[in-house]
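Each structure below appears as C-alpha coordinates.
In what comes next, subunit A is part of two complexes: it sits with subunit B in the first one and with subunit C in the second one.
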Partner chain A sequence: MNEGLDDLLTKALARTEAPADFTAKVMVHVNQRRLFMWRTWTAVAATVALIIAGWSGFALYRTRQNEKQLVFAIELASEKIALTDQRLKRSAAEIYMREEDLEKR
Partner chain B sequence: MLGRAKAGDSAAFGWLVGEHQSMVFSITVYFFRNRAIAEEIAQDVFLDLYRNLAGIENTAHLLAWLRRNATNRCIDRSRRKSYRAEVPVGADLHPVSWDSSPDVLAYAQVQRELAALPAEQRVMIILRYGEGMMPGEIAEALELPVNTVKSRLHRALGALRSKLELKKVQLT
Partner chain C sequence: MMRRRLAIGLLAVSWSVSAQDIDLSSLDKLASRAKSANRVSLDRDQVVGALSMLSGSDLESKKNLDGLKRLAQNLSGVEVRSFEFEKKGQYSDSDLAGIRAQLAKLKNWSKIIDSKEDGERSEIFMSSVEGHRGLAIIAAEETEVSVVILKGVASLKEMGNLGGIMGLPHMSLGPVKKNE
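Moving on, here comes the complex of A and B:
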(Lines of atoms letter the chains of each structure in order from A and count residues from 1; the text may use other names and numbers.)
(Lines give C-alpha, C1' and ligand atoms only; values in the text may rest on other atoms or scores of the structure.)
Protein backbone atom coordinates (compact mmCIF):
# COMPACT_ATOMS: atom_id res chain seq x y z
CA MET A 1 0.00 0.00 0.00
CA ASN A 2 2.76 2.40 1.03
CA GLU A 3 4.90 1.43 -1.94
CA GLY A 4 1.92 2.02 -4.23
CA LEU A 5 1.38 5.54 -2.86
CA ASP A 6 5.13 6.26 -2.90
CA ASP A 7 5.35 5.15 -6.50
CA LEU A 8 2.27 7.12 -7.51
CA LEU A 9 3.60 10.28 -5.82
CA THR A 10 7.05 9.90 -7.39
CA LYS A 11 5.51 9.60 -10.85
CA ALA A 12 2.88 12.32 -10.32
CA LEU A 13 5.54 14.74 -9.08
CA ALA A 14 8.19 13.99 -11.70
CA ARG A 15 10.27 16.97 -12.82
CA THR A 16 8.41 19.18 -15.24
CA GLU A 17 10.08 21.53 -17.71
CA ALA A 18 9.90 25.27 -17.18
CA PRO A 19 8.50 27.34 -20.08
CA ALA A 20 10.87 27.54 -23.05
CA ASP A 21 11.53 31.28 -22.57
CA PHE A 22 12.08 31.02 -18.82
CA THR A 23 15.85 31.66 -18.85
CA ALA A 24 15.43 34.55 -21.29
CA LYS A 25 12.83 36.19 -19.04
CA VAL A 26 15.06 35.79 -15.96
CA MET A 27 18.01 37.28 -17.86
CA VAL A 28 15.89 40.27 -18.94
CA HIS A 29 15.14 40.96 -15.26
CA VAL A 30 18.79 40.39 -14.32
CA ASN A 31 19.98 42.83 -17.00
CA GLN A 32 17.36 45.38 -15.93
CA ARG A 33 18.59 45.06 -12.37
CA ARG A 34 22.21 45.35 -13.48
CA LEU A 35 21.33 48.53 -15.43
CA PHE A 36 19.39 49.89 -12.48
CA MET A 37 22.33 49.18 -10.15
CA TRP A 38 24.77 50.81 -12.61
CA ARG A 39 22.54 53.90 -12.87
CA THR A 40 22.11 54.04 -9.11
CA TRP A 41 25.85 53.84 -8.45
CA THR A 42 26.58 56.37 -11.18
CA ALA A 43 24.04 58.75 -9.66
CA VAL A 44 25.50 58.19 -6.17
CA ALA A 45 29.07 58.76 -7.46
CA ALA A 46 27.98 61.92 -9.33
CA THR A 47 26.21 63.24 -6.22
CA VAL A 48 29.24 62.55 -4.02
CA ALA A 49 31.55 64.23 -6.58
CA LEU A 50 29.20 67.22 -6.71
CA ILE A 51 29.10 67.50 -2.91
CA ILE A 52 32.92 67.28 -2.67
CA ALA A 53 33.38 69.87 -5.45
CA GLY A 54 30.81 72.19 -3.84
CA TRP A 55 32.38 71.82 -0.43
CA SER A 56 35.88 72.46 -1.81
CA GLY A 57 34.64 75.55 -3.66
CA PHE A 58 32.89 76.83 -0.55
CA ALA A 59 36.02 76.20 1.57
CA LEU A 60 38.15 78.11 -0.98
CA TYR A 61 35.62 80.97 -1.00
CA ARG A 62 35.63 81.07 2.81
CA THR A 63 39.47 81.11 2.89
CA ARG A 64 39.58 84.01 0.42
CA GLN A 65 36.92 85.88 2.36
CA ASN A 66 38.93 85.37 5.55
CA GLU A 67 42.10 86.61 3.82
CA LYS A 68 40.28 89.72 2.58
CA GLN A 69 38.88 90.41 6.05
CA LEU A 70 42.34 89.98 7.56
CA VAL A 71 43.93 92.35 5.04
CA PHE A 72 41.13 94.86 5.67
CA ALA A 73 41.63 94.56 9.44
CA ILE A 74 45.40 95.07 9.11
CA GLU A 75 44.87 98.11 6.85
CA LEU A 76 42.34 99.56 9.31
CA ALA A 77 44.68 98.95 12.23
CA SER A 78 47.65 100.51 10.42
CA GLU A 79 45.53 103.59 9.52
CA LYS A 80 44.50 103.96 13.15
CA ILE A 81 48.09 103.57 14.32
CA ALA A 82 49.20 106.23 11.80
CA LEU A 83 46.41 108.57 12.97
CA THR A 84 47.33 108.04 16.61
CA ASP A 85 50.99 108.61 15.75
CA GLN A 86 50.09 111.95 14.03
CA ARG A 87 48.01 113.04 17.02
CA LEU A 88 50.79 112.13 19.44
CA LYS A 89 53.33 114.08 17.36
CA ARG A 90 50.98 117.07 17.17
CA SER A 91 50.38 116.97 20.93
CA ALA A 92 54.09 116.65 21.61
CA ALA A 93 54.79 119.70 19.38
CA GLU A 94 52.09 121.74 21.11
CA ILE A 95 53.47 120.84 24.56
CA TYR A 96 56.99 121.78 23.42
CA MET A 97 55.80 125.16 22.09
CA ARG A 98 53.85 125.87 25.30
CA GLU A 99 56.89 125.09 27.43
CA GLU A 100 59.03 127.41 25.26
CA ASP A 101 56.46 130.22 25.66
CA LEU A 102 56.48 129.75 29.43
CA GLU A 103 60.30 129.89 29.52
CA LYS A 104 60.38 133.11 27.42
CA ARG A 105 57.91 134.81 29.80
CA MET B 1 30.47 27.93 -13.80
CA LEU B 2 29.34 29.12 -10.36
CA GLY B 3 32.66 30.92 -9.93
CA ARG B 4 32.28 32.64 -13.29
CA ALA B 5 28.72 33.67 -12.45
CA LYS B 6 29.93 35.07 -9.12
CA ALA B 7 32.58 37.04 -11.01
CA GLY B 8 29.78 38.76 -12.96
CA ASP B 9 29.68 36.57 -16.08
CA SER B 10 26.11 36.99 -17.31
CA ALA B 11 26.28 33.97 -19.64
CA ALA B 12 27.44 31.74 -16.78
CA PHE B 13 24.51 32.89 -14.66
CA GLY B 14 22.20 32.15 -17.59
CA TRP B 15 23.67 28.65 -17.74
CA LEU B 16 22.99 28.16 -14.01
CA VAL B 17 19.38 29.25 -14.50
CA GLY B 18 18.95 26.83 -17.38
CA GLU B 19 20.51 24.03 -15.36
CA HIS B 20 18.27 24.42 -12.31
CA GLN B 21 15.08 25.98 -13.67
CA SER B 22 13.17 22.70 -13.98
CA MET B 23 13.90 21.85 -10.32
CA VAL B 24 12.69 25.23 -9.06
CA PHE B 25 9.75 25.33 -11.46
CA SER B 26 8.66 21.79 -10.48
CA ILE B 27 8.60 22.75 -6.79
CA THR B 28 6.54 25.88 -7.42
CA VAL B 29 4.21 24.40 -10.02
CA TYR B 30 3.29 21.35 -7.92
CA PHE B 31 2.79 23.62 -4.95
CA PHE B 32 0.39 26.02 -6.68
CA ARG B 33 -0.95 23.91 -9.57
CA ASN B 34 -0.85 27.11 -11.57
CA ARG B 35 1.84 27.65 -14.20
CA ALA B 36 1.61 31.46 -14.21
CA ILE B 37 2.07 31.82 -10.43
CA ALA B 38 4.72 29.09 -10.44
CA GLU B 39 6.70 30.85 -13.17
CA GLU B 40 6.48 34.20 -11.40
CA ILE B 41 7.77 32.73 -8.13
CA ALA B 42 10.49 30.70 -9.87
CA GLN B 43 11.71 33.89 -11.58
CA ASP B 44 11.77 35.67 -8.21
CA VAL B 45 13.85 32.80 -6.81
CA PHE B 46 16.48 33.25 -9.54
CA LEU B 47 16.51 37.03 -9.18
CA ASP B 48 17.06 36.55 -5.47
CA LEU B 49 19.86 34.11 -6.33
CA TYR B 50 21.46 36.77 -8.55
CA ARG B 51 21.38 39.23 -5.64
CA ASN B 52 22.82 36.68 -3.20
CA LEU B 53 25.26 34.92 -5.52
CA ALA B 54 28.28 36.09 -3.53
CA GLY B 55 27.16 34.02 -0.53
CA ILE B 56 26.84 30.73 -2.46
CA GLU B 57 29.80 28.50 -1.68
CA ASN B 58 29.43 25.50 -3.99
CA THR B 59 26.96 23.53 -6.13
CA ALA B 60 25.50 21.60 -3.16
CA HIS B 61 24.96 24.86 -1.32
CA LEU B 62 23.35 26.31 -4.47
CA LEU B 63 20.89 23.40 -4.72
CA ALA B 64 19.96 23.63 -1.03
CA TRP B 65 19.61 27.41 -1.32
CA LEU B 66 17.33 27.18 -4.36
CA ARG B 67 15.11 24.54 -2.75
CA ARG B 68 14.86 26.46 0.52
CA ASN B 69 14.17 29.76 -1.20
CA ALA B 70 11.55 28.23 -3.52
CA THR B 71 9.69 26.46 -0.71
CA ASN B 72 9.81 29.48 1.60
CA ARG B 73 8.47 31.71 -1.16
CA CYS B 74 5.67 29.23 -1.89
CA ILE B 75 4.65 29.11 1.77
CA ASP B 76 4.90 32.90 2.14
CA ARG B 77 2.82 33.49 -0.97
CA SER B 78 0.16 31.01 0.11
CA ARG B 79 -0.08 32.74 3.51
CA ARG B 80 0.00 36.26 2.14
CA LYS B 81 -2.70 35.87 -0.46
CA SER B 82 -5.43 33.45 -1.24
CA TYR B 83 -3.87 32.04 -4.40
CA ARG B 84 -6.83 29.71 -4.85
CA ALA B 85 -8.80 32.64 -6.14
CA GLU B 86 -6.23 33.02 -8.92
CA VAL B 87 -6.32 29.43 -10.11
CA PRO B 88 -8.24 29.40 -13.36
CA VAL B 89 -10.85 26.72 -13.85
CA GLY B 90 -9.42 23.64 -15.54
CA ALA B 91 -5.82 24.64 -14.87
CA ASP B 92 -4.57 21.07 -14.48
CA LEU B 93 -0.89 20.56 -15.17
CA HIS B 94 -1.63 17.51 -17.28
CA PRO B 95 -4.96 18.28 -18.93
CA VAL B 96 -7.08 15.17 -18.97
CA SER B 97 -9.36 14.23 -21.81
CA TRP B 98 -11.72 11.33 -22.54
CA ASP B 99 -8.86 9.25 -23.93
CA SER B 100 -6.32 9.97 -21.14
CA SER B 101 -4.67 6.88 -19.68
CA PRO B 102 -5.60 5.75 -16.14
CA ASP B 103 -2.10 6.79 -15.02
CA VAL B 104 -2.53 10.36 -16.21
CA LEU B 105 -5.91 10.55 -14.49
CA ALA B 106 -4.36 9.24 -11.27
CA TYR B 107 -1.46 11.73 -11.46
CA ALA B 108 -3.89 14.61 -11.98
CA GLN B 109 -5.96 13.41 -9.03
CA VAL B 110 -2.82 13.17 -6.84
CA GLN B 111 -1.83 16.71 -7.80
CA ARG B 112 -5.32 18.01 -7.02
CA GLU B 113 -5.38 16.34 -3.60
CA LEU B 114 -1.84 17.53 -2.89
CA ALA B 115 -2.88 21.13 -3.59
CA ALA B 116 -5.59 20.80 -0.94
CA LEU B 117 -3.08 19.94 1.82
CA PRO B 118 -1.77 22.63 4.21
CA ALA B 119 1.25 24.45 2.76
CA GLU B 120 3.78 23.00 5.23
CA GLN B 121 2.68 19.42 4.49
CA ARG B 122 2.53 20.02 0.74
CA VAL B 123 6.14 21.18 0.75
CA MET B 124 7.23 18.01 2.53
CA ILE B 125 5.56 15.79 -0.08
CA ILE B 126 7.02 17.79 -2.98
CA LEU B 127 10.55 17.67 -1.60
CA ARG B 128 10.31 14.00 -0.58
CA TYR B 129 8.77 12.62 -3.77
CA GLY B 130 9.35 15.32 -6.37
CA GLU B 131 12.96 15.99 -5.39
CA GLY B 132 13.70 12.57 -3.90
CA MET B 133 15.07 14.05 -0.69
CA MET B 134 15.30 12.06 2.54
CA PRO B 135 13.71 13.49 5.72
CA GLY B 136 17.17 14.40 7.06
CA GLU B 137 17.98 16.33 3.87
CA ILE B 138 14.62 18.13 3.97
CA ALA B 139 15.21 19.03 7.61
CA GLU B 140 18.63 20.42 6.74
CA ALA B 141 17.37 22.33 3.70
CA LEU B 142 14.41 23.88 5.54
CA GLU B 143 16.29 24.26 8.83
CA LEU B 144 13.68 22.24 10.73
CA PRO B 145 14.07 19.42 13.27
CA VAL B 146 14.02 15.97 11.59
CA ASN B 147 11.14 14.87 13.81
CA THR B 148 9.03 17.80 12.62
CA VAL B 149 9.71 16.80 9.02
CA LYS B 150 8.87 13.17 9.72
CA SER B 151 5.62 14.01 11.52
CA ARG B 152 4.51 16.43 8.78
CA LEU B 153 5.32 13.84 6.13
CA HIS B 154 3.42 11.18 8.05
CA ARG B 155 0.36 13.40 8.43
CA ALA B 156 0.49 14.49 4.81
CA LEU B 157 0.75 10.92 3.53
CA GLY B 158 -2.11 9.83 5.79
CA ALA B 159 -4.33 12.64 4.55
CA LEU B 160 -3.42 11.97 0.91
CA ARG B 161 -4.00 8.24 1.23
CA SER B 162 -7.46 8.64 2.74
CA LYS B 163 -8.49 11.22 0.14
CA LEU B 164 -7.22 9.09 -2.76
CA GLU B 165 -8.92 6.02 -1.38
CA LEU B 166 -12.12 8.01 -1.13
CA LYS B 167 -11.74 8.92 -4.81
CA LYS B 168 -10.99 5.25 -5.55
CA VAL B 169 -7.54 5.93 -7.00
CA GLN B 170 -5.61 2.67 -7.38
CA LEU B 171 -2.71 2.78 -4.87
CA THR B 172 -1.31 -0.73 -5.27
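Moving on, here comes the complex of A and C:
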Protein backbone atom coordinates (compact mmCIF):
# COMPACT_ATOMS: atom_id res chain seq x y z
CA MET A 1 0.00 0.00 0.00
CA ASN A 2 2.76 2.39 1.04
CA GLU A 3 4.97 1.29 -1.83
CA GLY A 4 2.23 2.14 -4.30
CA LEU A 5 1.87 5.59 -2.81
CA ASP A 6 5.63 6.10 -2.84
CA ASP A 7 5.76 5.22 -6.52
CA LEU A 8 2.94 7.56 -7.30
CA LEU A 9 4.63 10.37 -5.41
CA THR A 10 7.98 9.66 -7.00
CA LYS A 11 6.43 9.78 -10.45
CA ALA A 12 4.44 12.89 -9.66
CA LEU A 13 7.38 14.75 -8.22
CA ALA A 14 9.91 13.51 -10.72
CA ARG A 15 11.68 16.18 -12.76
CA THR A 16 10.37 16.34 -16.28
CA GLU A 17 11.99 18.22 -19.10
CA ALA A 18 10.03 21.11 -20.56
CA PRO A 19 8.99 20.71 -24.18
CA ALA A 20 11.45 22.14 -26.68
CA ASP A 21 9.11 25.03 -27.69
CA PHE A 22 8.21 25.94 -24.10
CA THR A 23 10.41 29.06 -23.95
CA ALA A 24 9.17 30.25 -27.32
CA LYS A 25 5.55 29.75 -26.27
CA VAL A 26 6.11 31.64 -23.01
CA MET A 27 7.83 34.50 -24.85
CA VAL A 28 4.96 34.71 -27.36
CA HIS A 29 2.51 34.88 -24.50
CA VAL A 30 4.59 37.52 -22.70
CA ASN A 31 4.86 39.60 -25.88
CA GLN A 32 1.13 39.28 -26.51
CA ARG A 33 0.45 40.43 -22.98
CA ARG A 34 2.84 43.38 -23.38
CA LEU A 35 1.17 44.32 -26.66
CA PHE A 36 -2.26 44.08 -25.05
CA MET A 37 -1.18 46.26 -22.12
CA TRP A 38 0.47 48.78 -24.44
CA ARG A 39 -2.66 48.97 -26.60
CA THR A 40 -4.90 49.32 -23.53
CA TRP A 41 -2.82 52.13 -22.04
CA THR A 42 -2.53 53.87 -25.40
CA ALA A 43 -6.31 53.72 -25.77
CA VAL A 44 -6.79 55.03 -22.23
CA ALA A 45 -4.28 57.84 -22.79
CA ALA A 46 -5.90 58.74 -26.11
CA THR A 47 -9.35 58.80 -24.51
CA VAL A 48 -8.14 60.97 -21.64
CA ALA A 49 -6.38 63.32 -24.09
CA LEU A 50 -9.54 63.50 -26.18
CA ILE A 51 -11.69 64.27 -23.13
CA ILE A 52 -9.25 66.97 -21.97
CA ALA A 53 -9.07 68.47 -25.46
CA GLY A 54 -12.85 68.40 -25.79
CA TRP A 55 -13.39 69.92 -22.39
CA SER A 56 -10.75 72.61 -23.03
CA GLY A 57 -12.34 73.38 -26.38
CA PHE A 58 -15.77 73.65 -24.81
CA ALA A 59 -14.43 75.80 -21.95
CA LEU A 60 -12.74 78.08 -24.48
CA TYR A 61 -15.97 78.27 -26.50
CA ARG A 62 -17.98 79.11 -23.37
CA THR A 63 -15.48 81.77 -22.33
CA ARG A 64 -15.61 83.29 -25.83
CA GLN A 65 -19.40 83.29 -25.61
CA ASN A 66 -19.19 84.92 -22.18
CA GLU A 67 -16.82 87.54 -23.57
CA LYS A 68 -19.28 88.34 -26.37
CA GLN A 69 -22.15 88.48 -23.87
CA LEU A 70 -20.19 90.76 -21.55
CA VAL A 71 -19.32 93.16 -24.35
CA PHE A 72 -22.93 93.04 -25.58
CA ALA A 73 -24.27 93.81 -22.09
CA ILE A 74 -21.93 96.74 -21.54
CA GLU A 75 -22.57 98.00 -25.04
CA LEU A 76 -26.34 97.78 -24.56
CA ALA A 77 -26.20 99.46 -21.16
CA SER A 78 -24.02 102.27 -22.47
CA GLU A 79 -26.26 102.72 -25.48
CA LYS A 80 -29.39 102.99 -23.34
CA ILE A 81 -27.71 105.38 -20.92
CA ALA A 82 -26.49 107.51 -23.81
CA LEU A 83 -30.02 107.55 -25.23
CA THR A 84 -31.42 108.63 -21.88
CA ASP A 85 -28.70 111.22 -21.57
CA GLN A 86 -29.60 112.67 -24.99
CA ARG A 87 -33.29 112.66 -24.08
CA LEU A 88 -32.61 114.46 -20.83
CA LYS A 89 -30.46 117.03 -22.59
CA ARG A 90 -33.22 117.65 -25.10
CA SER A 91 -35.84 118.14 -22.41
CA ALA A 92 -33.75 120.43 -20.22
CA ALA A 93 -30.95 122.76 -21.16
CA GLU A 94 -28.74 121.69 -18.28
CA ILE A 95 -29.08 118.64 -16.17
CA TYR A 96 -26.37 117.69 -13.78
CA MET A 97 -26.23 114.46 -11.98
CA ARG A 98 -24.01 114.86 -8.98
CA GLU A 99 -22.54 112.00 -7.03
CA GLU A 100 -23.46 113.67 -3.72
CA ASP A 101 -27.07 114.10 -4.87
CA LEU A 102 -27.24 110.46 -5.81
CA GLU A 103 -25.79 109.41 -2.48
CA LYS A 104 -28.37 111.50 -0.59
CA ARG A 105 -31.23 109.68 -2.31
CA MET B 1 -18.71 78.98 19.15
CA MET B 2 -22.47 78.77 18.70
CA ARG B 3 -22.72 82.55 18.50
CA ARG B 4 -19.96 82.63 15.94
CA ARG B 5 -21.76 80.05 13.82
CA LEU B 6 -24.97 82.00 14.15
CA ALA B 7 -23.20 85.20 13.12
CA ILE B 8 -21.67 83.47 10.11
CA GLY B 9 -25.08 82.06 9.20
CA LEU B 10 -26.72 85.46 9.48
CA LEU B 11 -23.91 86.97 7.46
CA ALA B 12 -24.44 84.37 4.75
CA VAL B 13 -28.17 85.04 4.71
CA SER B 14 -27.67 88.78 4.62
CA TRP B 15 -25.10 88.36 1.85
CA SER B 16 -27.50 86.30 -0.19
CA VAL B 17 -30.13 88.99 0.25
CA SER B 18 -27.65 91.75 -0.44
CA ALA B 19 -26.54 89.97 -3.60
CA GLN B 20 -29.95 91.14 -4.72
CA ASP B 21 -30.58 88.78 -7.51
CA ILE B 22 -33.30 90.32 -9.54
CA ASP B 23 -35.35 87.68 -11.24
CA LEU B 24 -35.83 88.57 -14.87
CA SER B 25 -37.47 85.29 -15.81
CA SER B 26 -40.90 86.97 -16.06
CA LEU B 27 -39.62 88.57 -19.26
CA ASP B 28 -38.66 85.30 -20.90
CA LYS B 29 -42.18 84.81 -22.20
CA LEU B 30 -41.61 87.78 -24.53
CA ALA B 31 -39.05 85.78 -26.48
CA SER B 32 -41.75 83.87 -28.37
CA ARG B 33 -43.24 87.13 -29.66
CA ALA B 34 -39.95 88.88 -30.38
CA LYS B 35 -38.12 89.17 -33.67
CA SER B 36 -34.86 88.86 -31.81
CA ALA B 37 -34.16 88.05 -28.20
CA ASN B 38 -30.95 88.26 -26.25
CA ARG B 39 -30.37 86.82 -22.87
CA VAL B 40 -27.17 87.28 -20.88
CA SER B 41 -26.54 85.85 -17.49
CA LEU B 42 -23.00 85.99 -16.19
CA ASP B 43 -21.75 85.50 -12.67
CA ARG B 44 -18.51 86.85 -11.23
CA ASP B 45 -16.40 83.88 -12.36
CA GLN B 46 -17.74 84.08 -15.89
CA VAL B 47 -17.06 87.81 -15.99
CA VAL B 48 -13.49 87.20 -14.82
CA GLY B 49 -13.07 84.49 -17.47
CA ALA B 50 -14.49 86.73 -20.18
CA LEU B 51 -12.20 89.55 -19.08
CA SER B 52 -9.17 87.36 -19.63
CA MET B 53 -10.29 86.86 -23.23
CA LEU B 54 -10.71 90.54 -24.00
CA SER B 55 -7.92 91.49 -26.30
CA GLY B 56 -6.74 94.65 -27.97
CA SER B 57 -7.48 93.18 -31.38
CA ASP B 58 -11.23 93.52 -30.77
CA LEU B 59 -10.96 97.13 -29.78
CA GLU B 60 -9.52 100.21 -31.31
CA SER B 61 -6.73 100.76 -28.88
CA LYS B 62 -5.21 99.60 -25.64
CA LYS B 63 -6.64 102.68 -23.90
CA ASN B 64 -10.15 101.64 -24.87
CA LEU B 65 -9.48 98.12 -23.73
CA ASP B 66 -8.20 99.38 -20.40
CA GLY B 67 -11.35 101.45 -19.91
CA LEU B 68 -13.57 98.49 -20.60
CA LYS B 69 -11.51 96.22 -18.36
CA ARG B 70 -11.60 98.80 -15.55
CA LEU B 71 -15.37 98.81 -15.65
CA ALA B 72 -15.69 95.07 -16.04
CA GLN B 73 -13.28 94.42 -13.15
CA ASN B 74 -15.86 95.78 -10.73
CA LEU B 75 -18.63 93.68 -12.18
CA SER B 76 -19.85 90.87 -10.01
CA GLY B 77 -22.66 89.84 -12.27
CA VAL B 78 -24.48 90.74 -15.44
CA GLU B 79 -28.09 90.07 -16.36
CA VAL B 80 -29.66 91.14 -19.61
CA ARG B 81 -32.95 90.54 -21.34
CA SER B 82 -33.35 92.34 -24.61
CA PHE B 83 -36.16 91.87 -27.13
CA GLU B 84 -36.82 93.43 -30.48
CA PHE B 85 -40.30 93.20 -31.96
CA GLU B 86 -41.61 93.33 -35.48
CA LYS B 87 -44.30 95.87 -34.71
CA LYS B 88 -45.68 98.05 -31.94
CA GLY B 89 -47.84 96.64 -29.16
CA GLN B 90 -46.24 93.22 -28.97
CA TYR B 91 -45.36 93.85 -25.36
CA SER B 92 -47.08 95.95 -22.76
CA ASP B 93 -45.84 98.10 -19.92
CA SER B 94 -47.30 95.58 -17.50
CA ASP B 95 -44.68 93.05 -18.68
CA LEU B 96 -42.12 95.24 -16.92
CA ALA B 97 -44.17 95.85 -13.78
CA GLY B 98 -42.70 92.84 -12.00
CA ILE B 99 -39.14 93.99 -12.59
CA ARG B 100 -39.96 97.52 -11.42
CA ALA B 101 -41.60 96.13 -8.30
CA GLN B 102 -38.54 94.03 -7.50
CA LEU B 103 -36.19 97.00 -7.97
CA ALA B 104 -38.44 99.23 -5.85
CA LYS B 105 -38.33 96.72 -3.02
CA LEU B 106 -34.55 96.43 -2.99
CA LYS B 107 -32.90 98.05 -0.04
CA ASN B 108 -30.26 100.65 -0.91
CA TRP B 109 -31.46 100.90 -4.49
CA SER B 110 -33.23 103.93 -5.86
CA LYS B 111 -34.54 105.11 -9.17
CA ILE B 112 -32.32 107.97 -10.25
CA ILE B 113 -33.74 108.61 -13.69
CA ASP B 114 -37.17 108.10 -15.18
CA SER B 115 -37.40 109.61 -18.61
CA LYS B 116 -40.39 109.40 -20.93
CA GLU B 117 -40.59 110.72 -24.44
CA ASP B 118 -42.76 109.80 -27.42
CA GLY B 119 -43.93 106.53 -25.96
CA GLU B 120 -40.42 105.58 -24.94
CA ARG B 121 -39.36 105.23 -21.36
CA SER B 122 -35.97 104.83 -19.72
CA GLU B 123 -35.52 104.11 -16.07
CA ILE B 124 -32.20 103.87 -14.32
CA PHE B 125 -31.88 102.43 -10.85
CA MET B 126 -28.71 102.54 -8.84
CA SER B 127 -27.17 101.55 -5.59
CA SER B 128 -23.89 103.11 -4.52
CA VAL B 129 -23.79 101.48 -1.13
CA GLU B 130 -20.70 99.35 -0.63
CA GLY B 131 -21.48 95.70 -1.07
CA HIS B 132 -24.77 96.47 -2.84
CA ARG B 133 -23.43 98.42 -5.78
CA GLY B 134 -25.21 98.06 -9.03
CA LEU B 135 -26.91 99.65 -11.93
CA ALA B 136 -30.18 98.61 -13.51
CA ILE B 137 -31.62 99.95 -16.70
CA ILE B 138 -35.11 99.42 -18.04
CA ALA B 139 -35.46 100.78 -21.53
CA ALA B 140 -38.83 100.45 -23.18
CA GLU B 141 -39.15 101.62 -26.73
CA GLU B 142 -41.95 101.07 -29.25
CA THR B 143 -40.54 97.91 -30.73
CA GLU B 144 -37.75 97.17 -28.30
CA VAL B 145 -37.46 96.44 -24.63
CA SER B 146 -34.25 95.94 -22.71
CA VAL B 147 -33.44 95.29 -19.11
CA VAL B 148 -29.80 95.41 -18.05
CA ILE B 149 -28.48 94.77 -14.59
CA LEU B 150 -24.82 95.37 -13.90
CA LYS B 151 -23.93 94.30 -10.39
CA GLY B 152 -20.88 96.04 -8.99
CA VAL B 153 -21.00 99.18 -11.11
CA ALA B 154 -20.72 102.08 -8.72
CA SER B 155 -21.69 105.07 -10.79
CA LEU B 156 -23.05 106.29 -14.07
CA LYS B 157 -19.73 107.99 -14.65
CA GLU B 158 -18.09 104.58 -14.91
CA MET B 159 -20.42 103.82 -17.79
CA GLY B 160 -19.94 107.29 -19.24
CA ASN B 161 -16.21 106.68 -19.38
CA LEU B 162 -16.88 104.07 -22.02
CA GLY B 163 -17.94 106.75 -24.48
CA GLY B 164 -16.01 106.41 -27.71
CA ILE B 165 -15.31 102.72 -27.16
CA MET B 166 -16.78 100.06 -29.41
CA GLY B 167 -18.62 102.67 -31.43
CA LEU B 168 -20.44 104.04 -28.39
CA PRO B 169 -21.17 107.74 -28.42
CA HIS B 170 -19.27 110.04 -26.09
CA MET B 171 -21.34 110.57 -22.98
CA SER B 172 -21.15 113.33 -20.42
CA LEU B 173 -22.66 111.34 -17.61
CA GLY B 174 -21.97 111.39 -13.94
CA PRO B 175 -21.07 114.12 -11.50
CA VAL B 176 -20.09 117.50 -12.83
CA LYS B 177 -18.60 120.49 -11.05
CA LYS B 178 -21.04 123.24 -10.17
CA ASN B 179 -19.06 125.88 -12.02
CA GLU B 180 -19.06 123.86 -15.26
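To be clear about the criterion, the second predicted complex is superposed on the first by the 81 of 105 C-alpha atoms of A that agree within 3 Å, B and C clash if a C-alpha of one lies under 4 Å from a C-alpha of the other, contacts with A are read in each partner's own complex, and residues count from 1 in each chain.
By definition in this document, a residue touches a chain if its C-beta (ideal position, glycine included) is under 8 Å from a C-beta of that chain, and two chains touch if they have at least 3 such contacts.
Since the model is a prediction, treat every value here as computed from it, not as a measurement.
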item: Touching partner for A:88 - first (subunit B), second (subunit C), both, neither; value: second
item: Touching partner for A:58 - first (subunit B), second (subunit C), both, neither; value: neither
item: Of subunit B and subunit C, the chain that contacts the larger number of subunit A residues; value: C
item: First (subunit B), second (subunit C), both or neither touched by A:25; value: first
item: Which of subunit B and subunit C A:78 touches, first, second, both or neither; value: second
item: Which of subunit B and subunit C A:6 touches, first, second, both or neither; value: first
item: Subunit B versus subunit C as contact partner of A:69, first or second or both or neither; value: second
item: Intersection of subunit A interface sets (partners subunit B, subunit C); value: none
item: Subunit A to subunit C touching residues, read off their complex; value: 63-64, 66-67, 69-85, 87-88, 90-91, 96-100, 102-103, 105
item: Of all residues in subunit B, those that touch subunit A in their complex; value: 10, 13-14, 17-18, 21-26, 29-30, 35, 39, 42-43, 46-47, 50-51, 93, 103, 106-107, 110-111, 114, 125-126, 128-130, 132, 157, 160-161, 164, 169-172
item: Contact footprint of subunit A on subunit C as seen in their complex; value: 38, 40, 42, 46-47, 49-54, 58, 68, 71-72, 75, 78, 80, 82, 110, 112-113, 115, 117, 120, 122, 124, 126, 128, 135, 137, 139, 146, 148, 150, 155-157, 159-160, 162-163, 166, 168-169, 171-176, 178, 180
item: Subunit B-touching residues of subunit A, taken from the complex the two chains share; value: 1, 4-6, 8-19, 22-23, 25-27, 29-31, 33-34
